[in-house]
Every structure is written in structure tokens, then in C-alpha cells.
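A single structure is presented below for examination.
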Amino acid sequence: MTPGDESDLGRPPAGWRRRAYEVIFESETPAGRAFDKFIVAAILVSVAVVVADSVQEWSSRNRRLFDAAEWFFTILFTVEYIARVVSVEKPWRYVRSFYGIVDLLSVLPTYLAILFPETHALIDVRVLRLLRVFRIFRLTQYVEEYQMLGEALAASRRKILVFLSVVLMVVLVLGTLLYVVEGPEHGFKNIPTSVYWAVTTITTVGFGDITPKTDVGRFIASVMMLIGWGTLAVPTGIVTAEMTARRGIGVFRSRAGRCDKCGVGGHQADARFCRNCGASLPEPAGAE
Amino acid sequence: MTPGDESDLGRPPAGWRRRAYEVIFESETPAGRAFDKFIVAAILVSVAVVVADSVQEWSSRNRRLFDAAEWFFTILFTVEYIARVVSVEKPWRYVRSFYGIVDLLSVLPTYLAILFPETHALIDVRVLRLLRVFRIFRLTQYVEEYQMLGEALAASRRKILVFLSVVLMVVLVLGTLLYVVEGPEHGFKNIPTSVYWAVTTITTVGFGDITPKTDVGRFIASVMMLIGWGTLAVPTGIVTAEMTARRGIGVFRSRAGRCDKCGVGGHQADARFCRNCGASLPEPAGAE
Amino acid sequence: MTPGDESDLGRPPAGWRRRAYEVIFESETPAGRAFDKFIVAAILVSVAVVVADSVQEWSSRNRRLFDAAEWFFTILFTVEYIARVVSVEKPWRYVRSFYGIVDLLSVLPTYLAILFPETHALIDVRVLRLLRVFRIFRLTQYVEEYQMLGEALAASRRKILVFLSVVLMVVLVLGTLLYVVEGPEHGFKNIPTSVYWAVTTITTVGFGDITPKTDVGRFIASVMMLIGWGTLAVPTGIVTAEMTARRGIGVFRSRAGRCDKCGVGGHQADARFCRNCGASLPEPAGAE
Amino acid sequence: MTPGDESDLGRPPAGWRRRAYEVIFESETPAGRAFDKFIVAAILVSVAVVVADSVQEWSSRNRRLFDAAEWFFTILFTVEYIARVVSVEKPWRYVRSFYGIVDLLSVLPTYLAILFPETHALIDVRVLRLLRVFRIFRLTQYVEEYQMLGEALAASRRKILVFLSVVLMVVLVLGTLLYVVEGPEHGFKNIPTSVYWAVTTITTVGFGDITPKTDVGRFIASVMMLIGWGTLAVPTGIVTAEMTARRGIGVFRSRAGRCDKCGVGGHQADARFCRNCGASLPEPAGAE
């Protein structure tokens, strides 16, 4: 979910494309800032329209208004998408980037809805475009927090993957077990359904649309719940350990905390000498 | 939820307002303490009355008693509110403070109930006034724990906000997806309802009043549950890392806490000798 | 839930009471060990009888057998209780201790069942007597872990109490809000019921026996779920921070790690000098 | 769930058994790698067949195809199992190992299904054989993460056991309490069922198939939920504390890692100079 950086799409050297790039992708100029704010407002209104459109009482009364609004925003965002493509040096990189895909998905469903009417609600994937907000409003501090979260998750990625694959195997085996024990007459009508049930159980969601009825099934379910409850500790432990470690080296984390000689950062809070080259470290900016 | 400090509302210099202030806002004098205890008792009884009033069997039998009690407490707290307003130097600051708003909300619903009868139960917001208890009974230690919690949450505020906004976007997109996949015939009658369902799923609450019925819907729901389960690690990680750091550091965090002889820092809060070289440690700058 | 220590109940100096004490309360002698094992077996069998008795199909067929077994174990444990009371120096202290209360509750329901038949199932509170197992089988290591858990919880007691009281207030206010918004026609029939619902929601249990039906109610419920989800981080953070801190000072925790001069323990893992008196610390028993 | 190491099953010194061992148990040779990949593909396809077979619409149409596939894979894995047994020096150790049992359970249900038709779905326990994937594809890094997880869990094993046994006692007592309070007419038809309900409540799963209906029952249930919610912190705290400690310590934990000049220990794993005095650190005893 880490939205990609958009600074490497290639800034055109000069001409109208350069000006378009500055307005569309950057927010240093007044025009760029106005454009960004306009787009944010348009996204919010268009998502509100989609949500309101799904409410039967409202949509049946204002059919025409909703249709007009949907086409207005779709054409607006389509024009914006084309403008983004033509104003970068490496359009293909933009198209394949996280935001490029989100921008495309924000307009496609309306066109697809001509063929498959029920899909048009999917255009509210455009709400993901708001992730750009962090950049637009120069919420640098927020972005830092954000990156810190992203880094902690990224650093735990492999651990989480291994954990998830083991969970999936366990869920498949336990789901099958319940399918055999309870059978279709108690709602466990096939293995995919039983696996769905096993996931609701082990994640402690517990919808209750399918529940074991036999004593054996309930015993196995109880064991599963206790396992799931305890296992929840694992991803939490992974992320927390990562974050605690990151926070523990907090003081020297900023650029000022880097060693002046060899450039290594991430020293412990009470470090006075670089752990890499032994040079004296700069004093921290002030005791917090 | 951090209740504001009430010491900056302006203590009148002398006269009856000063005496009223000492009784109402402070608890140093016997009168002040008696007043505080009386108010706490009144809050508890009045909340009990509201709760009991909502139980059909009791309220129909004792209609008059409940009505009398409600008006008695409402008038009592109204008088108290007016007394609080007139006895501080900066009444406006009090009115806009956390407790000022809670105190007002504690009496308003009874008056509103003359116009909108069903709202009168809302007066049990007055239970929040009990937050003052921590101050009233001089539970200084408790307040310290409380502030520590508040600080840890406040320090994680930005991280939590960023996290929450991303969760909200994800929930909106996934809710819409299920609305498209399942449709109104399976209970996902519009996008707000689907988003409500997505929230119950991703937070692992899982009421089960709305559940996916199609295989595709159940597959997406399973993925959501696993995401929600793993994501729960994030706020926990944030708060835990913050708390671990706070607990581990203690008094000697600043550079002044380093040992003069060997220079080691990061001593425990109650250390008097360096754990590394045994030299006497400098006194902490002031007991926090 | 921390079971009390039973070593301060007063060991009789000599005579038959001393011998009884050694058999009943201690497990140093062969007789004492045999007695303990017999009691553990009796507890397990008697609990199994109670559980089996509650299953309609079995109990109706073996009514007499179950009744006989229940009275047999009740009389056995009653005799044991009396023996425990008479064989300690301070019987009153035993009666009021954690185990004294549990031992009494293990026999009372059978007698009460003569007056109130349905209460007899409560005698399986006697399963709590198994907590003594940790001591009986000299699972010293297990007990240490256990005490460590207990200490971490005890150290966080105040923080958890403050947290819980705030949660209770929030739950009361939110439950009332839903009662006003949804009303008795959607299952929120009175404030106690609404508070029960609010607890199921905020703890992410989500039974689904009562669920909001209106859009406003669902919106408030969604906010509550997100709050509850995030708030779960708080008790976890409290306990984890406590445990991390305790584990961090792990190496020197055993008695050998105490300072020989002043007796202070709990030094940091890399400490070489006592933080309290500056004396040199003994070497750790071996690098783990 | 930690899959055992398979390197101690005894590698035959020479001959056809040595070659068979190299192909079947190792993946150093091209033939060994091809064999491993073939088996992984066979497992995936066979599990997919079992899952698809459970879906009524598909299985009734392709009865013969599914039966043929099931027997094909069962015979294939049976031959593989026999080959594994005969090609190791210590066949008995293999048979009793984690993978030996999984390999056997992967074929047994098909044979058993001749006698008990409904059990055949259990053969998808063969998905557990995929745990070998980590070794097969030389995902050494992944395996390391995996072992780290396993070690953290193993180190917390005793603490978790103690915790679990206390939880089980509490669940039994509380389940009985609800059985007495609510009784069979509200779904709590016997103690095992009530204990099942207590587990769903305390683990915050909350299916909602059984729920308290009386006010007293709901009050007790609310207390249980709050307990369960808070208690969730305990396993999380245990695992997190273990993981934080492991992550924070690294190579230099032992005394040998102390700085020779100032004596400070606890350096980061990649430190080459003392963070306190800047002196060069001794080399770690061996890169783990």
C-alpha cells in the first residue's frame, strides 16, 4: 500500500510540457497548488456522489443529476489522466506506477458500465488518489510518520509472508477437518466455504453465519479460537519489535545524527562515537 | 478524551466568588471536599436513575418518582453549572473547556426532552463528570498513570491519524467492492451499509448481521479478515513502542545523567552508581 | 487471580496436627506427596462428573450414579476442608485466603442444591483448586514464569484500572447514545442492554444478537469499532512495555544476580557494578 | 508446528539407495531439484482436486475424473513414501518425524475412504507437505525468519502453557456460571456447550449462535469480554517481549562484546567501535 514516489517520472526540461508538469505534478507554484486543491475537492465530491448514488431512495429520485455528475467527473479525470501522461518524460513509467494505475482505475469503471452496468460503483477506487494529499499539503511530518510505518512493515515483510503462508496451510487443513466433521447439513457445504469459516474463526472475526453444531466440531472450533487468539500475538510481536527497535534509536535518526565522517546513521540514543568509524558524533539537537 | 486542566480558569482574588471558587473548584478546604463528595454521589445516583428509568418494567411503575428524580438532579446540576460560571474569573474559558461542555451536556437533554421526549436518556453523559474523581480524591498516583497513558497516545497521535485515514480509504474501497460483488439481495443494500460491514470485518468485530453469500464475496472477505488481523498489529505496535521507550528511559535520559568517569548513560531511574564503572552518578536535574 | 502463598498459615510445632499439616499442606514427605496426588485425581474426576452430569442424555440414564459420585466427592472435600482448618495454627487466615475460599466454594453448592437444585453445577469451581498443582508437582520453573506474569500484571494494575474506568464511562455514554438512536424496536430495549451491546462492540466480540439497523446507528457503531480496535492497543502496550522492561533486566534476575553487599537486584543486563551501592556485581552464571 | 530437520535421517554411504536419497531428500543435483519441483506441483494439483471435489456442482458432473485423480495422486504419494522409507539409513526415525507423519497422513484417508467414505477429504492434510518448500527452493533467508519465529515461540512455550492452563480453568468456571444462570432454555444446554460459548466470548470471536438473554447473564458476559480483551495483552506481551529482546541484542550480547577500554557492552550487532569511548571493539566470537 506504500504509494510510490512520483519524482522520478522525468521532469521535462522546458516548454509547455514543463509548465504542465509543474502545475500537475508539483505544488511549488501558485498554479500547481490551486490545481492540487481543485483535484482534491473534485475527488471528494465525486466519491460522495458515488456513495449517495448507491442509496436507493436518493438515486431513484435524482437519476439524471447523478448520471450527469458521474460523467462530468469521469471526463474531468480522464482529461487529467491524459494530461499527466503527456507531460512527463517517461509516460510508461507513470502508467505502470501505483498512482498511474489508481488514476486509470478511477475512470475505467464508468466506461465499462456501458457494457456491465453494475460495475460503475467501483469508480470510488478514486478515493485512493487522496493518498497524494500527504504530498500535496506538504504534510512532511505526516509523510515521515507514514514512511516510518511503511519501513517497519517492509522490514517485517518476509516474516509476515512466512507467517501468512503457514496460517493459510493451517486454515486449509482445519477447514477441511470441520467440513468432514460437520458436513453440508450444518452449513459447511464444501471446502472453500469451510476455509472461509476457518478464517473468520482464526482471525476472531466470528460472523456466526456458519457455526459448528456437533460437540466434536465445537471442540475443534474452541481449540482453533485459542490458537488464533494466541497467534494474533505473532504479527503484533513482529511489527512491535521492529518499531520498538526503530524508536529506540530515535534521537539520532535525523540527518544531523549521522556521523560526519562516514555518514552512518541509526546510532543508539546514548552513543557518543560512531559505531562504524569511531569518530565523535555531533551532539543531539537538544534533549527532546 | 484527555480531560483539561481546570487550574487556569482564573481564581477570583477575594470576596464571595473566591469562597465559592474554593468550594466548587478546589478540594483543599473541608467545605470544598464535602461539596466534591456530594456532587460525586449525586452524579452516581442520577446516572443510576437514568439507567433504571430505561428499563420498561421499572419505569412504568414508578413514572412519577423517576420524573421527580430527573428534574431534581437536573435543577441541582443547573444551579451548580451557573455557580461554576459565575465563580471563575474567565467564565468563557470554562464554558468552552472539556468539563464546561460536559457539565452543560449533563443538563441540556432534560430541557430538550420537553420538545423531543426520547432524548432525555442522553443526560447520562453526566457520567463523564466522574473523570473529575481522579482530581477530587487526590489520586495523584492514578492521575500520573493517566497522564502517562495520555502522553503516549498524544505522542502517537499523528501516526494513528495517518494510519486511520489509510484504513478509512481501504474500508471504503473494499466496502464498495463487496457492494458490487454481493449486491442488495445479500444485504449489502448500499455503499454506506457495505462500508459499515467492511468496518465490522476489518476490526474483527464480525456482527454477522450482514455476511457475504457468494464465493467471490467470501474470498474477498477472507482476505479482508487476514488484512485486518495483521493490521491490528500496527496501532498496537505504535502505542507499545511509545510506552516501552517511555518506561525504559526514566529520569537519566538526558546527557547530564551520564557517568562522569566512564561516560556511560542510560542508567535506570533509581541508579546512584554507574553500572559500568561503579563511580557515583550525578544527581538527576530534578525529580521530574 | 494470583493464588496466595500458603506458607504463612502457621505450621504447628509438633503432635498429630504437625503430622497432619505435613501431609495436607506440604509435599516433602511420601505421605504428603501421595495425599496431593490423590486430591488432584479426585478434583479431576469430580469435575468430569459435574461436566458429564450436565449432558442431558447421560445424566437421565445414570441419575443415581451421578448423585452418588457428587455426594462422595463433596463429603471427601468437606472432610479435607475441615482437616485443613484444624491442622493450621491460624485457621482464620486460611479460611479467608484465596485457597480457603476456593476450597469452601468447592463443597457449598452441593449443600445449597438441597434448597436450590439448579446451583449444584457451580461446584466445578473446584477446578480452581488445581492451581495448587503448580506447587504440588514442584514445577518451580513454571511457578517462576507464573509469578513473572503476575508481577507484570500487578505492576500494571493501576494503569489497567484507570484504563478500565475510562472504558466503562465511554461504554455507558455510547450505549445510551445507541439506545436513543435505535430504540427498543431494534433490540436496544433499555440502557443495560445497550451497554451490554456496547461492550460486545468495543471489545470486538460482536455477537450480533443485537445490531444497529438505522444509518446513524451504524455510523456510530463503526466509529465505536474503530475506537475499540485502536484502544485494544492500550492494555497490550501496558503489559508488553512492562514485560519488555522485565525481560531486558533478565540475566541478573535470579538471586545470584543480587548485589552481595546491599542486596539490590534487578540490574541491567550489562551492569558490572551495583547501581545502588557501587559494589562489584558477581559474574552471571554463564552466558545463557 | 516447527517442521523437523531432515538431515539426521542417515544418508546411505553409496549404491542405488545413495542415489535415491540424493534425488528424494536433497536438492543439490539437477535430478533432485526436478524431483522436488515435480512433487510440489503434484501436491498443489492434488489439493486443488480435493477442494474442487468438495464443491457439489463440480463433483457430481465429473465424478469419474475426480476419482481417477485422487487415486492417481494417492498411489504416486504412496510410492514416494515407500521410496523415502527405503532410501534412508534410519527409516524408523523418518516414520516418526514430523514429515514422516504428514507424508503418511497424506495418503491414508483415500484408503480409509473405502471403509468410511466421508473421510477422504482429509487427504488435503498433504498441503502441510508444502512446508518443505522453504527448504526445496533454498529460501534460506525465509527459513531464518521462520526459525527466529519458532525460537521466540519455543522460548515463550512455558509461559504460554501456564497462561493457557489458567485460561482453561477460568473458561470452565465461567462457562458453568452461565450454564447455571441462563440454562438450557437459552441455548446453554450443557456445560461443554457453555464452555464452547465461553471460549468464543473470551477470545473475542463471538459467533453469536449462543448468546445470554437474561440481564445477569449479559452482565457476566460483559465482564468476561472485558477480561478477555485485557487478557489478550498477555500472550502478545510474552511474544513481543521475547522478539524485542532478540532483535535488540544481536551478536554482542555476551561479555566478550564489551569494549576493552571503557567496558561498555550492549553494542549494536554491526558495531565496530565503542559507542561510548570510540575504541575499536573486539571481533565477535563468530558470525553466529
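Things worth noting here:
Note that the chains are named A, B, C and D in the order they appear, and that numbering of residues resets to 1 at the start of each chain.
Here is the rule we use: a residue touches a chain if its C-beta (ideal position, glycine included) is under 8 Å from a C-beta of that chain, and two chains touch if they have at least 3 such contacts.
None of the values given here were measured: they were computed from a predicted structure.
The chain with its CA mean position farthest from that of chain D is B.
For the pairs B-C and A-C, the larger set of C-beta contacts lies at B-C.
Between chain B and chain C, the centres computed from C-alpha atoms are 29 Å apart. The distance from the centre of chain A to the centre of chain C, with each centre set as the mean of the Cα atoms, comes to 41 Å. Annotation for chain B: residues 192, 204-208, 232, 236, 238, 240, 242, 244, 248, 263-264, 276-277 touch two or more other chains.
Only residues 158-159, 161-163, 166, 169-170, 172-173, 176-177, 179-180, 183-184, 189-192, 194, 201, 204-208, 211, 215, 218-219, 221-222, 225-226, 228-230, 232-234, 236-238, 240-242, 244-245, 248, 267-268, 270-280 of chain C touch chain B when the two sit together in their complex.
Note for the complex: chain C touches chain A at residues 204-208, 236, 240, 244. Residue ranges on chain A touching chain B, taken from their complex, read 1, 47, 50-51, 54-56, 118-119, 121-122, 124-125, 127-128, 130-131, 134, 141-142, 145-146, 148-149, 152-153, 160, 164, 167, 192-193, 195-196, 199-200, 203-209, 232, 235-236, 238-240, 242-244, 246-248, 250, 269-270, 272, 283-284, 287-288.
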